[in-house]
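In the two assemblies presented below, chain A is common to both, partnered first by chain B and then by chain C.
For the complex of A and B:
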C-alpha cells in the first residue's frame, strides 16, 4: 500500500470526470445497490412518507366535509397565503434547530421588524418613502437582532433557550416603545400592492416563500454552510476537532434566522398594511412545531427543508379545514396539539427502526 | 455451549511465545475451573459456604465491531476479597457493568447464591445485594451527600421523605467509613474527588449488600485514604460481604486480596489464583497473547530527517508538567502509560483543544498558536480517543466525514462540488481499504476499525504534516488491528510525523520508533522503543512516583 499525502490545493485543480459526475450526481445513489426499496425511502417523498400521508388524509377530509369550497383555486391560494409567514420562519428555524439550537424570539423579532420599518415609512421619510426601504429596514433589523442572539449564544456562551427567551421579552418591549403601543398604518400603497398582488395568478407572498424555501434547500444541501450546520448540530465536539469554527457558525445561524424574521415581517406588514408590536405573536411556537413535525430532531444534526415545508402545509390545511367547517379556533388548537404528539411519536419509532438496520 | 474460540489460537502463527507461566496458571477453558478447583490460599474468615456467592460462566458481550467479553468466568465467595486484574481494554469495566446490571450479556450464565439470575437493570442488581462503586463517579453534583446516598431508595412515610432519619443514617455510614468531616447536607459539587469516592462507598453500603464491586477505588485516594479503605474492606470481609476489587497496583492486591482472576482480551486467562502468585506470573498472564500482533517493519528514520513537530516545556496545571519531545519526518513516537497518566491531555493540548499554561508547540520550526484552527492550519491532525463522541459525525455518510476538514477545497463560492468531493474522499478511503467500499454509507454502520480509517482518511485528504493518534485501535477488532498498524506506518513512511498514544503497551512498543513513558503527568522514560520491553514499562508505571 502506498500512501502519499495530498499536496495542499490538489483538489482545486481536480477535474471532474464524467464518471465522477455520474457517481456523485445530484442526490442519486451511484448504483441501485439495495434495490428499489432503499432508493424510494431515500427520495424526498419516501423519507417523509408519513407526513405526506398525513397531508393527503387532511386533504381528503377537507374534500369530504367541504368539497365544494375546499377544492377551489381560490381556497388553495388562501391556504398557501396563510402558510407563508410561518413558512418563512420555519425555514430559518430548520437551520437553527439542525445546528443544535432553538430560537424563541422569532415572534417578537417579527413584531420589532414591522414596527421599526413602518416607523421609517410613516415618520422619518413620510411622503418620499419607497417600499424597498421598508424591506431593507425590516431585513437589517432582523439580522441585527439575530446577530445579538448569535453573539451571546456562541461566545457568551448562553444557552439558546435562555438567550432567545430574553430577546423575546426585550424585542417585544422595544417594539412597544418605538410604536408607543400604536398600530402604524403604512400609507405607501405601492408596498401593499406589490406584496399582496400576484404574478401569473400566483400570490407574490407565495412566490416569496417558495424562493426562501428554495434558497434554504440549496444552502442546506449544496453548500459548505449547510454541511457545517449538520456537523455543528450533530456532534459539536467532533466538528470542533475537525477544524470547523463552531462558534462562528452558530452565530451565523441566528443571523440567518433574523433574516427570515425580517422577510416574514415584510409579508405580514404588507398583508395587514401596518406595523404593530402585536403582529408576531405566537409565531415562534408555530414554526418550532412545524419544524419538529417535519422530522427535524430538536437534539440537532438531523432534519430537512422538505419535511419542514410539509409540516407547515399540514398546519395550514388543518386550519383551513376547520375554518370551512365552522369549527372554532379552540378546537383547532386541541387538534394541533394532538398532531404534534402523534407526529413526534411516529418519528421516534421510525428513527429507532432506522437505527436498528 | 457454543464456544467460537479457536480462530485466534489457530491463526496465530506463533502461539504466544512468552507464556512461560506454570500450567496451573493457564486455565483457559471454563471446565477446568468449574469444579471449585484446589483452593490453597488462606480461606477467608467469613462463613464457609459450599457454593460460591456469585458464579459467572462463559459471559459474552458483543458491541458493534468488538467482542468486549469473549467467555469470562468469575467465581466469588462470601467474605472474600476477589481481585480482578487485567490491562486496559481487557474487559474489566464491561464485566463489572454486566454484574451491576448496566449491560446485559449476550451469552453466558450468572448464578447468584446458586440460583440463575438475570440482572436486567441496575435496580435488579441492587435488589440482589450487588453494589458498585464506579471509577468515574456516578453522583449527582447538585444534590446533597445524604440525597445522593439515598437516591432511588429514599426513606419515606406516605410519600414524605424522612430527611432527619436519612441524615442520621448518612452520618452513621460516614462515621463508619472514617470520614465524619463530610456533612450529610454538603452539596456533592463542593467535595474533593476522594470525598466523592467515600460518598459513593457510603451509597453502596446504604443498601443491604452482599457483594461490593470497587473499580480502582485507590486511584483518587491519598495514602491515609488508602489505609482507611483497606480497614473498611477488612471489616466488610469479616461481615461476610464479598468484595470484587479492581486495581492496577499489585502491592494492594497482595495486601488485601484473597484470590485473583486475570482477564485479557475479554477472556479469563487465570481464575482463583492465590493472592501471593508471583508478580512475574501475573504480568505474564496479563500480557501474554493468544494472538500475536503483526507490527510493520520499522524502516528506521534517516539521521538527516528534519524535526517536524517540536514540543517544549508543555504544562497544564493539575494534568502534566514540562513535557518536551521532538518528532522527525517519518518517525512514530509513542506515549505509553496508564489511563490518567496525562497522555491524551498532552495530545489534545498540542492540538490546541486544551489551553496550555506554559510551553510551545512548533511545526516545521514555526510556532503554532494555541487553538484548534491554528493547529489544523499548521498541518496537525488529531484522531481523538473517543472516536464516536469526538471524531465522527455518526449519522452522516463516509465521504462527508472524510471531507469535513477540507470542505473549502471543494467549494466554489460556498457551493460544494459534490462530485469532486466524493471522488476525492473515495480515493482516500480506497487507499486505506475502508470496507465496505461505499462512501455513501452512514458511518455509524461501519466497524470500529473502518471508522478509524475514515478519521485517518480525513487527515490524509487534508494533507497534514503531523498526525496525533489517541488510542488508534480502541474498539477495533483484534483482526483489523494489524491493518491499522500498517496504515499508520505507511503514513509515517510518506513523511508524516506521527504521535501515538495507547494504553496497550505492546502496541506502543511495537509500532513506535521511540517511546515516552508517562506516569502522573510526567515523562519517566524516553528512548528507543527497542530499548525497553513491556514488563519494563509496566514496572515503571506500576511503581508510580518511585521513578
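For the complex of A and C:
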C-alpha cells in the first residue's frame, strides 16, 4: 500500500528527505510540541475543541429533554449504528479531501454496490451461495468504480468535481438499469442476521465502523501512504519534485473511497434488507459535511480522522435528540445548518488561538 | 419519439409551425364563437383536420362556464352521433406523458398504460420517456399538440406548472385527461382522475382505530412514518389519518418523516422506536420506504404493535399474505389510474359515456377509493399490485 516506485533518475536519499520536507512542511497534522498547554491543544481533544463542545452540548440537551430514553444503552447503540454508514464513507472522504480531491459520486456508488450485490444474491444460480458473496461483490464493485474515477482524475486528467459528478449520474443510471428501478429484497436471512446482530452487546455494524476508522487512522498517521496523502493534497508540485508518483497516489485515493462505498453498501443493504437505486441519496453531502466540520480543509493538505468521527457523531446525536423529542425534520434541518456554521467558527477560533501561542 | 430539448425546437416543431399558427387562428375563432353563445360550430370545424377533436374541445371550453349548457349538450349529441356512425372503426390517437419512473409506483403507472393500450385494438398510444424536468414535459405536450393527437393523458410532474400547456392543448381541441396531480385551472382539462391522499390516511386511520378498539386499548400509542414532509400529499395523508383516528378518540403520539427511500425509512424508524419504547400501531405512508421501516422494526426485535403500509406494493402484499411480521395491512393508492385515464380518454374521443352510469358523458372528475388490503382480501389485489 505504501510502496511507490521511485521514478528513474532520482536518488533514494534525496527522495526521502524531500518527501519528508514536503509532507512535514506543508501538510501533516501539527506534531505535539513542548509545554503542557500546547500539548493539550494539540491532543486529539484539544484540536477539536469546538466539535467536542458541540457534541457535549447536544448530549446535555438530549439528557435534559429526554433523559429516560436518551441515556440508555440501547439508545447509545442506536445512535452509533445510525452513524455507521455515513461514518465509513466519511473516513474514505477524509482521505480524498486531504489528498486535494472531492468525491460527489459516493451516494450513487453505494446504490450501485447494493443493487449489483443484491442482484447476485437474488439470482437463482447464487441462491445456494452464502452471504459472503454479496459482501465480495459489493466491495469489488465499489473498488472498480473508484478505480474508474481515479484513472480519469489522475491520468485524464479530469477535475475531480467534474469526473465524480459524471460518475454520480452514470452509476445511478447503471443501478437503475440493473435493478429495473425496483427494490430488491434480500431473502437470505443469514446476511441480515450477521450484519445487524451484535457481538458482546456491541452491534456488528459499529464494530465494522471501528475497524474501518482504526485502519484509516493508522494509514493516515503512521504510514508512508498517509504522509504522501498530506503531501499530495498540500502541494502536488512539491510532492512530485519530492519523488512521489502523484498521479498513482491520487488514483489509489479514489480506489480507497470506492472500497469504503462497498463497505457502506454492505451495511446499508443489510440494515434495509434490500438493494435499490434509490439508496444512498445525498450521502455525498452528508459525508462531506461531516468531514468539513471535522476540520479538514476542502483545499486539501490538512485534516484528521478523529475530527471526522466527531463530526459524524454530532449529526447522528442531533437526529436522535430531535426524534426523541418528536420534533419535525424541518426544524432539524435548520439546526443542522446552524451546527455546521457554529462548529466551523469555533474550530477556526481554536486554530487561531493555537497559532498565536 | 425522443423528447424535445427546451429552447431547441428541432425539425419537427419548425415544420409544424405553420400548422400551429393555422390552429391557433382557428382556435381564436372557436373561442369567440363560444363567448358569443353562438350554437354554430362551423369555424372550429373548418380550421381543424379532425371534426370530432374540435367539437370535444369546444365542449370542454363550454363546460367550464355553466351558463352555456345548451351549447354543451348540442355539441355533445353531435359528437355522439358521429362516433356511433363508425363504432370501433376510428383509431384513437392518444399521447401519454408522466414523470420519470424513478420508483416502483411510477414505473407501474407507465407499465399499466402500455398494457391497456396493447389490449385495445382501436387505441394508438404514444408514450414519451418520463421526465422530472417540467420544461421537457411541456415540450412533450407541445409535440403532441402538433401531432394533432385526439387526446392527451397527462400525469404532470407539477400540476400548477403544466396548467398553461394543458390549456393550450384543450384550446387546440384536444381532449385532456389530467391524472393524479391536479392542474390549477379546471378549464385546462376535460376529466380528472386521481388517487385520494386524504382518503389513504382515512382508510389507514379507520383500520387502525377499529383494530385497537376491538382489542380494547384505551389510550394507544400510535406512530406515523411520513414520506417527504414538505409535500402537500404527505400533509393530506397525515390530516386524513389524524381525522379518522379522532373519530375513535385516538391521536398520533409519534411522527417522523422519511424520504420515500428504504434507507431513510430505516433510519427514522430506528430512532422512532427508541423514542417510543412501547407502541400499539404504526402507519407508514409509503411501501417503497416501507422495506426499510419493516427492516428497522425487525432489527429492533419489536413485535408488540400492528403496522399498516401505504400505496400497495407487491412486496408488502406478499408479507401481509405470509402473515409472519407486524405488517397486517396496507392502503391502496392505485397505480392503474393512468391506464384508466387512457380508457377515459378513449371514451371521451369516441363520445361514449360510462356504461353503468345514467349520464351520457364521462364525469368531470373521478377520485379513486383507497381500499384496505388485509390477509382476507390480499389475493384480489395482489395481481394489480406494483413491484416496488
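List of remarks:
The definition used in the following text is that the second predicted complex is superposed on the first by the 311 of 357 C-alpha atoms of A that agree within 3 Å, B and C clash if a C-alpha of one lies under 4 Å from a C-alpha of the other, contacts with A are read in each partner's own complex, and residues count from 1 in each chain.
Here is the rule we go by: a residue touches a chain if its C-beta (ideal position, glycine included) is under 8 Å from a C-beta of that chain, and two chains touch if they have at least 3 such contacts.
Please read these numbers as outputs of a predicted model, since none were measured by experiment.
Applying the stated contact rule after C-alpha superposition, one finds that A:73 touches neither chain B nor chain C. In the superposed model, A:302 lies in contact with chain B only, and not with chain C.
Comparing chain B with chain C, the partner in contact with more residues of chain A is B.
Looking at the shared chain after the overlay, A:244 reaches chain B, while chain C stays out of its contact range. Shared-chain residue A:201: touches no atom of chain B or chain C. Counting contacts by the rule stated earlier, no residue of chain A appears in both its interface with chain B and its interface with chain C. Those residues of chain A that touch chain C in the shared complex are 66, 69, 74-75, 78, 81-82, 85, 176, 180-183, 185, 192, 196, 268, 271-274, 276, 278-281, 319-320, 323-326, 328-330. Here chain A touches chain B in the complex through residues 1-12, 14, 16-17, 20-21, 23-26, 29-30, 33, 222-225, 227-228, 230-231, 234-235, 237-245, 301-302, 355, going by the rule given at the top. Of all the residues in chain B, the ones that touch chain A in their complex are 351, 353, 372-373, 376, 382, 384, 389-396, 400, 404-411, 414-424, 428, 431-433, 438, 440, 444, 458, 460-464, 486-487, 490-491, 493-496. Chain contact summary for the complex, chain C toward chain A: residues 101-104, 107, 229-230, 254-257, 259-268, 270-272, 274-275, 277, 288, 291-292, 294-296, 298-299, 315, 387-388.
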